[in-house]
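Structures given as structure tokens follow.
What follows is a pair of complexes built around chain A, which joins chain B in one and chain C in the other.
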Partner chain A sequence: MTGGPVASQEAIKQIGTNGGGFYNVNSAHPFENPTPFTNLFQIFLLLVIPFAMAWAFGLIVKDRRQGVAILAVMALLLGISVALLTVSEMAGPGTAPAAAGAAMEGKEVRFGEAGSALFAAATTGTSTGAVNAMHDSLTAPGGGVAMFNMMLGEIAPGGTGSGLYGMLMLAIVTVFLCGLMVGRTPEYLGKKIGQREIILVALYVLTTPILVLGGAAIALTASDGLAGLQESGPHGLSEAVYAVTSAANNNGSAFGGLTSGTPFWNTLLGVLMLAGRFLPMLFVLALAGLFARQRQLPPSAGTLPTHRPLFVALLSGVALVVVGLTYVPVLALGPIVESLS
Partner chain B sequence: MTSSLFPQLVEALPGALRKLDPRELLRTPVMLVVEIGAVATTVMAALDPSSLAVLVTIWLWLTVLFGTLAESVAEGRGKAQAASLRALQQESTARRRRPDGSLEAVPSTALRAGDLVVVEAGERIPGDGDVVEGVASVDESAVTGESAPVIRESGGDRCAVTGGTVVLSDQIVVRITSEPGHSFVDRMIALVEGSERQRTPNELALNVLLTSLTVVFVVVCATLYPIADYSDAHQSLIVLTALLVCLIPTTIGALLSAIGIAGMDRLVRRNVLAMSGRAVEAAGDVDVLLLDKTGTITYGNRQASELLALDGVSADELAEAAVLSSLADETPEGRSIVALVGTERPVPAGAQLIAFTATTRMSGIDVDGRSIRKGAASAVAAWSGGSLPQLDTLVEQVSSTGGTPLVVAEQRDGSTRLLGVIHLKDVVKEGMRERFDELRAMGIRTVMITGDNAVTARAIAAEAGVDDFLAEATPEDKLALIRKEQEGGRMVAMCGDGTNDAPALAQADVGVAMNTGTTAAKEAGNMVDLDSDPTKLIDIVEIGKQLLITRGALTTFSVANDVAKYFAILPAMFVVAFPQLDSLNVMRLSSPESAIVSAVVFNALIIIALIPLALRGVSYQPASATDLLRRNLLIYGLGGLVAPFVGIKLLDLVISLIPGL
Partner chain C sequence: MSATPAALGQIALLVLALAVAVPLLGRYLAHLYTSPRHTRVEAGAYRLLRVDPDADQHWRAYTLSVLGFSLVSILVLFGFGRLQQHLPLSIGMSALPSDGAWNTAVSFVTNTNWQWYSGEVTIGHLMQMSGLSVQNFLSAAVGMAVAAAFARGLASSRRDGRIGNFWSDLVRGVLRVLLPPRSWRRSSSSRSARSRTSPAPPRSRP
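After this line comes the complex of A and B, so read on.
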């Protein structure tokens, strides 16, 4: 067996939310991730910078409470997805798991269902994409949660940096939608959200759904796309949708049943990765420029507070409803149908 | 309002039908998408008729129509007012003064700015202008709704007259200040009709967000077609269009412009004319309110509040002397002294009244060999030939609280006796303290502007409960204060009427000019209050906030509705291919077709149901942002989640009775 500088690669892979493993099976390989402890440590590494970004944000804007609020939303959403994934994997619906006594197909015995579920939630909640189990073998609801994590835009807690800006864009959408209800022109951290600002936010919000859904539609129509699917029916759909979601959100994990090593899939996923990474960045930077030029308004009792639990709940709600709803139809035909059968 | 809505809807129908023109709908892309969807389903229903296709088509058209109807109803409310204003514009003949002083008759429409016209009692003033000669009483009821005539005179702050108003007495010479078609009444007509309506910054921004949500859902529905085909769950274009229309934010899209028009209309109903919608929106954002003390915070004249007797003088004695000395005093101060003591009585026979003069600075009465005087401490001291330490203390005490001390003394048989001090003070209007508390809760600081000295200003400010004050304020100070606040990123509202207020009015984010004010003031401000009531500034801020809250509440409601619609439509679409999806049919809707039609009908009816709310605005209670958010979220966020579940279920119970569904 080939050896090499595995350990140093692991640090880079996880702490940079990069996800590319030394071995093909990534963190499922005993040389990459030998024990339950290293498993937890890897999860810690891939989460540490994205969560730290929220804290850093609080320091940068000189109001730690703002950072804590963002951190709380990230933690809340990640907590929900870990819980759902763990429950799904432990319950292990389906014939094979029922016969085997547990949904252990595609998982490593040394991590078990819980260790695998936690890893899956963390790797899709960030833009890491490293895996310690085969996501294609996750249970239907579990795979759905992993997919949904990415669809939210990888904001809980997201990639290094990209998670923070993704969450902040949603915070701006939240302030804009709900902030009007306090009777003032919406403002976030003393910066007014006017027409020019909201155009950039709108473009940001539009990019990923167009890439994911457009990509899925092409993949599921073209014969070259369909040729890559291992399964037919809902699970085949899940494989294709997982692939385009993972590419457009720069995750990198996959439902391994899909044969993506073909010119069609390579081109499609390559384009999605490129556009899905750089277009949103462009809009974020342009928006940052607009905000930087604005004078910062002092807060008053009339301004919408963005550090309270109410805002944390609102932002989580907006993420789930405004972003999540976009993907409900396609999820319904994939993981949801699978889960209900 | 709901009871009277139906006739309004009928009346607005022709206008609503005209607005179905796609070019008109370009302004609201959400509704344009619905119309395109309606055209598409019409074609499909014609090619392949079915109950589902026909019903969806009808209700999609109704959805668009309800949207244009909302706008049309909102506009209709200004029409009646515009008609009565137009009556003012009937052409009349004006007498223009030539440079040589002779008069010529010209049609009022031919008058240009700078022309001088002579207007006599009984005549209509031919155009906006300033009185340059004479004084007259003018009936401005047609513009202001106030029936009492007002005095207009040359010079000073009461020289502005409005075209179309009627001179009741005397003769004045007016210098016309407006060009034909650009008069105050012209602007009013354009405003109330909404024809000049410019969409406001926030409305435009919200429109962008709604458009982007629409694009997202167009992508969702368009890609669902091939994806469903892959899943062997082919969807007809009718069903996908129905899904699309249910998901895009039609509720807020349909009501958005009605909310804006109605907001302006609410101001007009309170006799405030906003020269732009931008100003109304800005009113909601105001952080600092500059209020003039006199007439706004206080009644504007000093009133006796207490009598302070010197040692050895009984309270009754002082009271009696105070009343006697004030019987002939017709100034508000004098009357307030009589009112304070509460003994109204005739002037004693043979009494000689001594009127106040600027040299003596005292007034009083001479009766039965007794002279009583009241006046400024120094004047009375000079008259009585002395003072007492206790008196000085009392005078100092009154002055230090911002009041004005009036010393009362009497002279009998050659000997003079000091009696005591009347405390005159500026009386703060009732309820002002509570209003300022409300404003503070809303995050708005109030600054009192006064020409008084700092001591007086501080005392009144403390009593009224304002946050800050500007004493001995000159117009320049006011302007400087506004600039300073704005540099700190705060938005400032103020009102004013004099020409010297004009720079500050122009600088303020919200400048409300009093209608009694000068033309310069009215042109500098971005609102005019026809009632000339400075307190209204507070109402204006509340209307601005209410406008934004209504928009936000309906947007939240609209977006939250989508959750229930998914639960209605998605199982209906795919239950044939995947029977297990029936477990998502939590409303237990009777059939897929009925579920889809119910969702579409709900989506249309909710627009009609919310028109009254859009026109009236959501109820607004001054409160902190956190409280407002919590309350409105509960009503419109949670309501928006729950209402469609109930509504769609109820509609399904009815619609499922239609054959073929």
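After this line comes the complex of A and C, so read on.
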């Protein structure tokens, strides 16, 4: 068995939400992740910086409650996906798990369904993409949740840094929508959301879906793209959609089944990763510049408080609705059809 | 069924550990990305990079720094992939194909880490350690830097469009967050330790 400098890559792979392992099977390999304790510790590592960035955000803007509100939304969305994934893996729906007694295909016995489900939720909720079980073998609803987590745009809690700015973009969308409803100029933390600001936010929100859906369309219409798929039908669609979603959202986990080491897939996914990382960053930094040119307005009677539970609920709703409206058609044809069949 | 208590138990343990660590680390990060003080190691790094860590960059200069740094990172990794058979510790691995080297270079620089290859039979030790692992640190630090810059932009009321210094965010993120703590223990207030040879700080426009 090949050995090597595994340790130098293992800790940073998790705490930097990177996910690239020394071994092909990543954290399912006993040299990378030997025991249930290391499994839990790795999950802790990959979550700690993204959540702490939200806390730090509150302190940097000199209002801790703002950071706590953002953190609460991240925790809420992650909690939902952990619950859904754990329940679907432990219930083991589908013919193969029922015949085998449990949905253990593609999972490590030392982690079990729960340890694998928790890892899968955490690795797709952050932009890590390390795996300790084969996501291709997750139950159909479980695989759907993992895909949905990435489609959220890596915000629950997201990658180191990228999770925070992704969530803040959606917070601005939320403030803007609420401003439209009451007919006032929306503002976030004393900064006005004018025309130029909201254009940048809209570009940010649109970039990844365009890359994902456009990339999927290219992959599914090119013969070189279809050649990589292992399955046909809904599961084959899921393999391709998972790959482009993972790349454009900078997650990096693979569904398996897809033979991606071909010139077509390497080139396509490389372009998606590059655009999916640096275009959003460009919009974020431009928006930061616009905000830094404004003075800080004191809150007025019409200001929507962004630290209350109401805002947490609104922001969670906006995140789910924006993603839902964008991706429901493709999810319906992939994991949802597969769950129902 | 004994699986359910185990499932709930590990989730509870995780939540507890995060509840303790997140406020502590969050406070540390907030200080890190707003403090003007540099450690001695960092001051050395800035001299090496020939940058002025105290220049408050306009957002355009900040963005160009991010993009330029990432472009160089991609080129370095691409070179690693194409030339690894000539490098030491390649343990007999041949060069990656050009599409594969492109994919891997972008993948690790963008914090994605999509892997089209099987690591243990494709990538030599030197590329694993000084190519891929290094980018694991740098790409994570770039992400944190951009988020911190955005937070500072929101908090700023100076009306000048300036959002901080990318190089200081990057170096601090690597040295004081991601690397083990030995590298920053000896802290010194060296605002004055700026480089004499640094290029003129980008003061393009207000």
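In this text, the second predicted complex is superposed on the first by the 334 of 341 C-alpha atoms of A that agree within 3 Å, B and C clash if a C-alpha of one lies under 4 Å from a C-alpha of the other, contacts with A are read in each partner's own complex, and residues count from 1 in each chain.
By our rule, contacts are C-beta pairs under 8 Å (C-beta built on N, C-alpha and C of every residue); 3 or more make two chains touch, one makes a residue touch a chain.
Predicted model only: the values in this text are computed from it and were never measured.
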Residue contacts on chain A - larger count, chain B or chain C: C
Contacts of A:Ile198 with chain B and chain C, given as first, second, both or neither: first
First (chain B), second (chain C), both or neither touched by A:Phe148: neither
First (chain B), second (chain C), both or neither touched by A:Phe255: neither
Partner chain(s) touched by A:Tyr242 [first = chain B, second = chain C, both, neither]: neither
Which of chain B and chain C A:Thr185 touches, first, second, both or neither: first
Which superposed partner A:Val337 touches (first chain B, second chain C, both, neither): first
Partner chain(s) touched by A:Phe119 [first = chain B, second = chain C, both, neither]: neither
First (chain B), second (chain C), both or neither touched by A:Gln296: both
Those residues of chain A which chain B touches in one complex and chain C touches in the other: 295-296
Complex contacts: residues of chain A adjacent to chain B: 173, 176-186, 190, 193-195, 197-199, 201-203, 205-206, 209-210, 213-214, 216-217, 220-221, 226, 233-234, 236-237, 295-298, 300-305, 308, 310, 314, 317, 321-322, 325-326, 328-330, 332-333, 336-337, 340-341
Chain A - residues contacting chain C, complex: 2, 4-5, 8-9, 12-13, 15-24, 36, 40, 43-44, 47-49, 51-62, 67, 71, 82, 86, 90, 112-115, 117-118, 127-130, 159-165, 168, 188-189, 191, 246-247, 250-252, 254, 260-263, 265-267, 269-270, 273-274, 276-278, 281-282, 284-296
Chain C - residues contacting chain A, complex: 3-4, 6-7, 10-11, 13-14, 17-18, 21-23, 25-31, 33-34, 58-60, 62-63, 66-67, 70, 91, 97, 99-100, 102-103, 106-121, 125, 128-129, 132-133, 135-137, 139-163, 177-178
Chain B - residues contacting chain A, complex: 201-202, 204-206, 208-209, 211-213, 215-217, 219-220, 222-231, 233, 243, 247, 281, 284-285, 287, 440-445, 488-490, 544-546, 548-549, 551-553, 555-556, 559-560, 562-563, 566, 570, 574, 578, 580-581, 583-584, 620, 624-626, 628-630, 632-633, 636-637
